[in-house]
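In what follows, subunit A forms one complex with subunit B and a second complex with subunit C.
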Partner chain A sequence: MSEVYKLIHPVKHFNDYISIKTRLDGRNFDEHRNIKLNVNSIKTADASAVVKCGNTTVVCGIKLELAVPKAEEPDLGFLITNVELPALCSSKYRPGPPSDYAQVINNIVSEIIKNSKCIDLKDLCIVPDKLAWVVYCDMVCIDHDGSLVDACIIALIASFKTLLLPSVNYDTETEEIKVETNERINLKIHGLPVATSFAVYEHFQSHIILLTDPTNYEEEMCGGNGSNLIISYNKGLLCGIQKLGGGSLSTENNEEAIRLAEQHTIAVEKVINACLEGKGTNK
Partner chain B sequence: MPLDFRRFNGPEDSVSYKIYTKDYLKTYDEQLKDLYDENGKRKDGRELNEARSMCMFCMFARTDMVSQAKGSAYVELRKTKVVCSVFDPREIPHQNEFRQLGQLYCEVKFAPFSCPRKRRPYVPDVEEKALSVALRQALEPAVCRHFFPNYQIDVLIYILEHDGSCLAAAINAAGLALANAAVPMFDIITSCSVAVIGNKMFIDPTEIEEHIAKNSTEVNHGIITMSVLSQLKQISDFTQIGSMDVECVTKVMEVLLKECEIIVPNIQRILVVDVVKNFELKKHLEAETKKREEILKKKMDEWRSLLNGQ
Partner chain C sequence: MPAADLLSSQGLRLDGRRPNELRRIRCKLGVFTQPDGSAYLEQGNTKVLAAVYGPHQASKSKMSTEAVVVNCQYSMATFSTGERKNRPRGDRKSQEMSMHLRQALTAAIKTEMYPRSQIDIYIEVLQADGGTYCASVNAASLALIDAGIPLRAYVTACSASLGRRSATHEPLVDVSHIEEAADGVCLTVASLPSTGSIALLEMSNRLHMDHFNIVLTRAMQGCRDIEVILDGAVRQHLAEGWTKQDVITI
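Our next item is the complex of A and B:
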């Protein structure tokens, strides 16, 4: 019965839930979904992580390659992040080249990681001007049920924390490269960036409601462009705020959102640390 | 990798670090010896004729993996991990004529981090396209296409980790996902593959075994994948890469027929569990709805009596 109602009167259906201060899955406006995290499940990747925020599932795999550093930045390595939204994650995406939305999410994730300065590219350089690591991070979404950027960042950081760089011996005279896969060094990560997504709903033209960790249905009801507000924190410092559509925010809403994002960072940190402790040191 | 301007690209001259490691330079004979030890056991502990679907910890499959899809499945053959999702029938884009039978649009994609040797490009390469066509050929005889004329059903496969038998895992996953999506089918479709190197037959090969089978110079070498509709006793698809003589092929076919039959009870169990779960959920929901309707009715009666009393 309620599925029929959802199809025929989508806005009224949504409004009815908001009016009694609850959401479709029974959460409060500022409640997050449960996060499930697992690392090192994909052995062909040099580091991997699988995250499930409710139904949203993102798999992150890191592949390492070697290259010559750029001439204008001889002591910097490369960090290339890519978010892929294959057609199987949702009926909104068709097979083929990445859609506009996928490119937008790609950009947002890359900006967050760059601005948070969590990875120093100088750590990725082996021999200046001769050899540097290229870290290819591919985040694949298997199931898109809202809050995509949150899940991508959690998966990415969890895989960074378990990434071990093999030691490389570079002979400067013969230009010979030898890689030892048995001796590995941890990648140094500064801080722990966490993103929080919100959907901004205009309830009866004046009252603005912030929905934390929106599902796909809630994101569509609030404009259809994905999460409207994405706030990223890195150890107490803001490293990015993006607002894409949805209702307009007053300053109080803004402060509330920032406060909620801070609380969420603490929770996510606990999840990631608990998961990594469980795994211990790994190969 | 060719430049794709819709994504972030790395430096063009980046190479995998694996080519600088010691085990990359092993000769063919060394690699072949590596595959199995004196007792005839393979590298991962299985016998030569033991498939991964046999032991309980090797094959894992479940439906309802993707909440956004009509039907979905996840199959894990020890390390090979495959996700499949199936969507509702939709109109065939760019088409003018009327087709009597429905179409199946199959797409197989490898994750960039799925292959152990190198990073896969984002643009579908020849191998992915070949797998997509093979998957479509395998699924078409199993689906009742006359029930959705002029429409197409999307079957989308994503391979998260490639450790051999990708096509077999993909066909199994697609069969499960189609059944989960309530697409009418003639029979349960199962599939298995075999790698042949010389006079040895490796059932359900891992990636290393497949790699050596493809590059071997022996008389009989190659990989055969077969998919079977078990109740109807029909072979829906037969793919062979490599060169083998006729006796070898007939021997392999007998073995594969048996192996595909063995997988069927597992698939049936998963589908039954799925149906039972849905029934219980429906019963639970109906019981709750009844309770709520009774509460509402009581309130309505209260108000009605109040109104009439006034």
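Our next item is the complex of A and C:
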């Protein structure tokens, strides 16, 4: 019955829930979904993580390659992130070249990682001007149910934390490269960036409601362009705010969102640390 | 030609299996909420996801008035192989695999039931260790069942090779990546085991006609064994209840 009502009166159906201060899955406005995290699931990747935020599932795989550093930046390695939204993650996406939304998400994720300065590209350089690591991070979303950026960042950071760089011996005279896959060192990560997504809903043209960790349905009801507000923190420092569509925010809403993002960051840090200690657990 | 090093003197293969031993298969139906049907299947170290959308309205160009249009897309994640794969889909191998998948699955689906409609089947390979085609067909079969699309029979796929130990030739079932790379013959069969019919048959390398029958029989037997495993998984999934979803709609 509620499925039919949802189809015929979508806005009224959504408003009915918001009016009694609850959401379709029974959460409060500022509650986020359960996070399940597992690392080292893909053996062919140098590091991997699978994260489930509610129903949103993202698999992250990291592959390492060697390359010559750029001439204008001889002591920096390369970090290349890529988010893929294949057609199987949602009926909204058709097979073919990456959709506009996929490119936007790609950009947002790479901006967050770059601005958070969690990875120092100097750490990826082996021999300045001669040899550096290229870290390819590929995130594949296999089930899209909202808050995509949150899940991507969690998967990415969990993979980074388990990534072990092999030690490389480079003979400058013979230009011979020897990679010791048995001796590995951890990649140094500065802080732990966490992103929090919100959907901004304009309830009856005046009241602005902030929904933390929106599902796909909630994102669509609030404009249809994905999450409207994404706030990223790295160890107490704000490293990104993006606002895309949805209702307009007042200063109080902004402050509330920042406060909620801070709380969420602490919770996610706990999950990631618990997972890495036990190598696979859920919140 | 059967490579001598595929089978050791004790009768064990390169990964320690016996010649007639399948790799361990673990599968789960209904793993995702967005697609109409989904399945996750592991065959040894090969991990494959399958998602089915449909039947839904077909695009005007592809529409057929007699039968449903089956559209398959095979995609390998960039981190799925030893070397990073630059193009997940769209390259020649993926397109060929997609076509082979479509041929095998069209044979199983009761296509006459949904004219003017389209069924989309998406395969994502997360980890590739040989036998990705077979794992894809098996996963797609489970996903189709989870989506509730009527099938004539289960469609399963299995590969077989030929090993030589002293003077005897022994067929090896379920070829892994190291055996594929070791220059042995690899015969892949997709069949509907309950009817005994073959939907697709593919062979790489050379094989003498005298040995063809035993390798084919072994592959067909492998298909039947896999069908038993998949059937068990489907029954267990139904016994547990519907697709597990974290969202509860009130």
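Observations on the model:
Here is the rule we go by: the second predicted complex is superposed on the first by the 279 of 283 C-alpha atoms of A that agree within 3 Å, B and C clash if a C-alpha of one lies under 4 Å from a C-alpha of the other, contacts with A are read in each partner's own complex, and residues count from 1 in each chain.
One rule holds for everything that comes next: a residue touches a chain if its C-beta (ideal position, glycine included) is under 8 Å from a C-beta of that chain, and two chains touch if they have at least 3 such contacts.
Predicted model, so just to flag it, every value in this text is computed and none were measured.
In the three-chain model built by superposing on subunit A, subunit B clashes with subunit C. Once the two complexes are laid over each other on the shared chain, residue contacts for A:183 go to neither subunit B nor subunit C. When subunit A is checked against subunit B and against subunit C, the one touching more of its residues turns out to be B.
By the touch criterion stated above, A:175 is placed in contact with neither subunit B nor subunit C. In the overlay built on the shared chain, the residue A:59 is in contact with subunit B and with subunit C. By the touch criterion defined above, A:44 reaches both subunit B and subunit C. Using the contact criterion defined above for the overlaid structures, shared-chain residue A:78 touches subunit B, although it does not reach subunit C.
Residue contacts after overlaying the shared chain place A:86 against subunit B and subunit C alike. In the superposition on chain A, no contact is made by A:31 with either subunit B or subunit C. Shared interface residues of subunit A (contacting subunit B in one complex, subunit C in the other): 42-45, 48, 55, 57, 59, 61-63, 65, 82, 84, 86-91, 95, 136, 138, 140, 142-145, 216. Against subunit B, in their complex, subunit A makes its touches with residues 1, 42-45, 48, 55, 57, 59, 61-68, 70, 78, 80-82, 84, 86-91, 95, 97-98, 103, 106, 110, 134, 136, 138, 140, 142-145, 166, 168, 177-181, 216. Looking at the complex, you find that subunit C touches subunit A at residues 31-35, 38, 45, 47, 49, 51, 53, 73, 75, 77-82, 84, 88-89, 120, 122, 124, 126-129, 245-250. Partner subunit A is touched in their complex by these residues of subunit B: 4, 6-11, 13-18, 20-21, 65-69, 72, 79, 81, 83-85, 87-88, 105, 107, 109, 111-116, 119, 122, 154, 156-158, 160-163, 289. The part of subunit A that touches subunit C in the complex is made up of residues 2-3, 24-26, 33-34, 42-45, 48, 54-55, 57, 59, 61-63, 65, 82, 84, 86-91, 95, 136, 138, 140, 142-145, 215-216.
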